[in-house]
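Shared between the two complexes below is chain A, which has chain B as its partner in the first and chain C in the second.
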Partner chain A sequence: MNLRKYLKVYKKFLHTSLASELEYKTNILVDLITAILSLLGSIFLLSIFFQNNGYIGGWKFEQALIIQAIYTILNGITNTWFNPNLTEIVKHIREGTLDFVLLKPIDSQFFISSKKINPSGFLEILLGFFLLFFCIRINQINLNLSFLTLSLITISCSICILYSLWFFISTTTIWFVKTWNAIEVLRSFLYIGRFPLNSFSFSLRIFFSVFIPIAFITTIPSEVFLGLSVLWKILLEVIVATVFLITSRKFWLFALKFYSSASS
Partner chain B sequence: MVQNIIDVRNLSKSFDISSKEPGLKGTIKHFFRRQKKSLKVIKDISFEIKEGEIVGFLGANGAGKTTILKMLCGLIYPSEGSILVTGYLPFKRKENFLKNITLIMGQKQQLIWDLPPIESFYLNASIYDLDKFEAKKRIKKLSEMLEIDEELFIPVRKLSLGQRMKSELIAALIHEPNILFLDEPTLGLDINAQRNLRKFLQKYNKETNATICLTSHYMKDITSLCKRVICVHEGAISYDGKLDLLLRKLSPVKEILIVCRSEQDAIRLGNSGFTVKNKIKNEITIKIENNSITSSLKTILNNFDIEDLFINEPPIDEVIGKVLIKKDYDI
Partner chain C sequence: MLEYRVEIALWAISGIIPFFMLNIWTNNNLNESINISDIMLSRYFLCAFFVRQFSVVWVVFSFEEDSLMGKVSPYLIQPLNPFFRYFAQHLAEQITRFPFALIIAFFFFIFNPESLWIPNLGILLLSIVSTFLSFLIQFLIQSIVACLCFWTEKASSIERLLFIPTLFLSGLLAPVVSFPAYMKSWIYLTPFPYLIDFPANLLSGNETNISGGLSMQILWIFLLFPLFKKIWSQGTKKYTAMGS
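Right after this comes the complex of A and B.
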């Protein structure tokens, strides 16, 4: 793979996509207001849950806020990169414009996963980081190199798992053509990621760890922040992320053999 | 000797399709239990195309033209048979193969809708690993050939269909491909835009010796660009050869309208052994076989007092229309 070429193409993707989005100023403004209101609403909802009982699943409100912060960052990443690109796969397949992507001398997965960017998602990422730094202060977390490295690893793994899940569902469009519902179900499950995994019953915990790995997406990175995570959990997260990434890649290449293109 | 750039042998393609009975009952049945059947859309076809050739694929809707084109450029896996394009197996979509081809579809677009076409050109240039200077040079050359300039800086959504198609061509040709696959490129364009596009393709083929495979329902596209046509009927090739030979075969006679000086001359001409289509006063329309046109006209001009004479070609659409419904042509 020619890394220089891919960097050059990604720079062009960023440029064209930002230019396209900036054509619609009002839309960006609405998205920004929505992001702020959505975060305030989520914190308010979380505070209601903790109003009567100081602890949920062994987590204090201040600790649970870390999960909310990580969720906000991941949701921002979803809205910035995954949502504009991966929902477009469905459109590409339904309308047959995937033909143009497949005939370009560039990796098709890279192309369809990174062509677009939604700048309003950046604010959500920024808000998430603000909230995270606020949580670090109120929880009196000691920032050191190993803590930062582990946090970075677990958050990167969360992003990989989230991307792979989304990409996997979008790829099934090649057979099923319409998969909007499946993506909406995935998004609904991700909302659950705003709450500590321990706050759910045992059976749900198993479900959210094995079938829809919400636990790996928000809870484990949050545990790292609070110094609650054990090494095997972090290693497991790395393994799960790697398996998800490789599987989604293989699945995409396999699915392309069944692509029949839309009729003219 | 000119080399074969495309070599297709015993190619077949089948698709699994599901059918649905009408009405609510049919819909519910279709939802729970789909009746699938395999449909062979391309049936054991073979042909080769030489470098620099312009070949038109003719056929009715659903005959399989686009499927053939998409298999040639590697978008669809063939079920049986072999395809070699510039020595590559298309469906492997190797980088060097992809740098050599392009696909232009009249009904689909790759330009970024909200931005001026120039942005899409530079994006494509970076995908084909062209530097800015080279890209600029190629854009300038192609835009001059297509006579488009200021429009390249206006958002695509505000351009006319003709301007958009010209821009699509630049985006698709910026990497100077050797093989162009064109699927109904003039669809929806007005007469002038169609003519300009054809002129451009002729010029491009002449200057670069690029091979062009074209499907179109506009017969003018086929007759003005393609010397050779491949007729596809229900997934099989019904004719592969020169277009003029096919036209002569399908339309062996020409109609000639002769204006005589007097009505008596017209009557005399009508009784002299020619097949008469109709006669109104001193005007008579006769049918003459293609291979005896010159000798027949010589006889008429020598023996009758003729004021004027018109040779009418049968409408091309009518002639080609016969191809779309016939299975086989032995020429």
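Right after this comes the complex of A and C.
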């Protein structure tokens, strides 16, 4: 592993994919409007839930907004990096172009998960941060160093879990060839990350923290923001994130053994 | 279509968001404020799931791919509007999806046995008609968006934009009855509540204006169809074959 080499390659990836994406400038504008509308829509939905109730699952409206903000940031990250790259795996496998990736003198997972970038996701990330700062103000959270490090740790763990989930689903393409729909299933499950975990019934809560750890992705970072979180939860998230990253890596290497090229 | 059984099963699973929403509604007793009982609400969301399963449309994605790959050119020579081809595909997939949707409904009733009900035949037929009309409205809207492919190559981003109001205003995530009054005053003039809320209310036996809803659906189809024909005829004149 030569870090400098990878950085240099990544720079080239960034350059080429930005250049090709900026060809579709109106597209980026449309995506921005989509992101804004989607955020407004979910805030609207949340306001319906709260119109006659002060609390949902023990969360006030202002507190639940933090979850929306974190969800928006993570969704922006997904749209910028994970979605454009990992949906490409499906194409690589169906058309047999994965051969070319495997032949390159570079780690295949690195190549596959960082080749492309979709700049319109940046706007969504920005939007999420705006909402987050707004939430910090209305919830009167005072920023200090330990809080900042904890929130940084939990959010990066969430990103790792999210990435591993996406990568895991995309890897199954090696057996199933078409996994668009599996990705749709993941998307619809991730959708519930917009709401506090406590607002679901007990059985669903268990499901979403054990089988698909969506609970960890948005709820725990939001709890850190509110100062409600306990240490063991944060530790648990770090452990889950590490386990997920390692397993997804192992799974990829394992799956590659079953790859039999197509159409060549 | 039967070749892709797993695919279609996964599609069916990906539509279960209404059930998560139901869980939030009932678990927090939110339904008390809008005067709908638990049972009626769970029926509503089950019906919303069904209506969504049989009215989901993806023609713009197929058309965009075909037009980028240059596959539209041979279709255009044939004496049949290519959208009939997509229309038939959609219908075929809806039929294959039916057993999977039934399985999901079966599990739903195992977990919520008290919400089991049998709609009477007339209502069932009417709601099938209105679901089909809802499918037609969405198919026409997406076909109009798909025709924009003739002008810009990526029409699917416009579709994603249109999907947002469809998602939030159609009643898939929250019944339109629960919307605040300032929304209710104008929302019934838009096509959105007739996509899911109206057929789902009809099927689940919740209160709804049957003749009004059906006539609005038909009205929207009559408005959208000429628009589609016009944009189609203009688009084909504009068409420059790509990838061939």
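Heads up, the rule we're going with is that the second predicted complex is superposed on the first by the 264 of 264 C-alpha atoms of A that agree within 3 Å, B and C clash if a C-alpha of one lies under 4 Å from a C-alpha of the other, contacts with A are read in each partner's own complex, and residues count from 1 in each chain.
Everything that follows uses one rule, which is that contacts are C-beta pairs under 8 Å (C-beta built on N, C-alpha and C of every residue); 3 or more make two chains touch, one makes a residue touch a chain.
Since this is a predicted model, take the numbers as computed values, not measurements.
Student: Should chain B and chain C be called a clash or a fit once both complexes are overlaid on chain A?
Tutor: Here the two partners, once superposed via chain A, fit next to each other without clashing.
Student: Of the partners chain B and chain C, which touch A:Gln51 in the superposed model: first, second, both, neither?
Tutor: After superposition on chain A, A:Gln51 lies in contact with chain C alone.
Student: Residues of chain A touched by chain B versus by chain C: which partner has the larger set?
Tutor: Chain A has more residues touched by C than by the other partner.
Student: So, does A:Val243 touch the first partner chain B, the second partner chain C, both, or neither?
Tutor: Neither: A:Val243 stays clear of chain B and chain C.
Student: Considering only the touch criterion stated at the top, classify A:Leu204 as touching first (chain B), second (chain C), both, or neither.
Tutor: In the superposition, A:Leu204 touches chain C alone.
Student: With the two structures laid over each other on chain A, which partner does A:Val185 touch: chain B (first), chain C (second), both, or neither?
Tutor: It touches chain C, and chain B stays clear.
Student: Output check: A:Thr26 vs chain B and chain C. Expected answer is one of first, second, both, neither. What do you get?
Tutor: second
Student: With the two structures laid over each other on chain A, which partner does A:Phe176 touch: chain B (first), chain C (second), both, or neither?
Tutor: Once the two structures are laid over each other on A, A:Phe176 reaches chain C alone.
Student: Classify the contacts of A:Leu253 with the two partner chains as first (chain B alone), second (chain C alone), both, or neither.
Tutor: Touch status of A:Leu253: no partner.
Student: Draw lines from the C-alpha centre of chain A to the C-alpha centres of chain B and chain C: what angle do they form, to the nearest 10°?
Tutor: 90
Student: Have a look at where A:Leu152 lands relative to chain B and chain C in the superposition and call it first, second, both or neither.
Tutor: After superposing on A, A:Leu152 lies clear of both chain B and chain C.
Student: In whole Å, how close do chain B and chain C get at the C-alpha level once superposed?
Tutor: 6
Student: Using the superposition on A, tell me which residues of chain A are in contact with chain B and, in the other complex, with chain C.
Tutor: 24
Student: Write out the stretch or stretches of chain A touching chain B in their complex.
Tutor: It comes out as residues 2, 5, 8-9, 11-13, 15-16, 19-20, 23-24, 95-97, 99-100, 102-106, 257, 259-261, 263-264.
Student: Within their complex, state which residues of chain C touch chain A.
Tutor: 4, 6-8, 10-11, 13-17, 20, 23-24, 26-30, 32-33, 152-154, 157-158, 160-161, 164-165, 167-168, 173-174, 178-180
Student: Contact residues on chain A for chain C in the complex?
Tutor: Going by the criterion above, the answer is residues 24, 26-27, 30-31, 33-34, 37-38, 41-42, 44-45, 47-49, 51-53, 56-57, 176, 178, 180-182, 184-185, 187-188, 191-192, 195, 199-201, 204.
Student: What residues on chain B touch chain A, complex-wise?
Tutor: 15, 66, 70, 73-77, 93, 95, 98-99, 101-103, 105, 107-110, 112-115, 119-120, 122-124, 126-129, 155, 183-184
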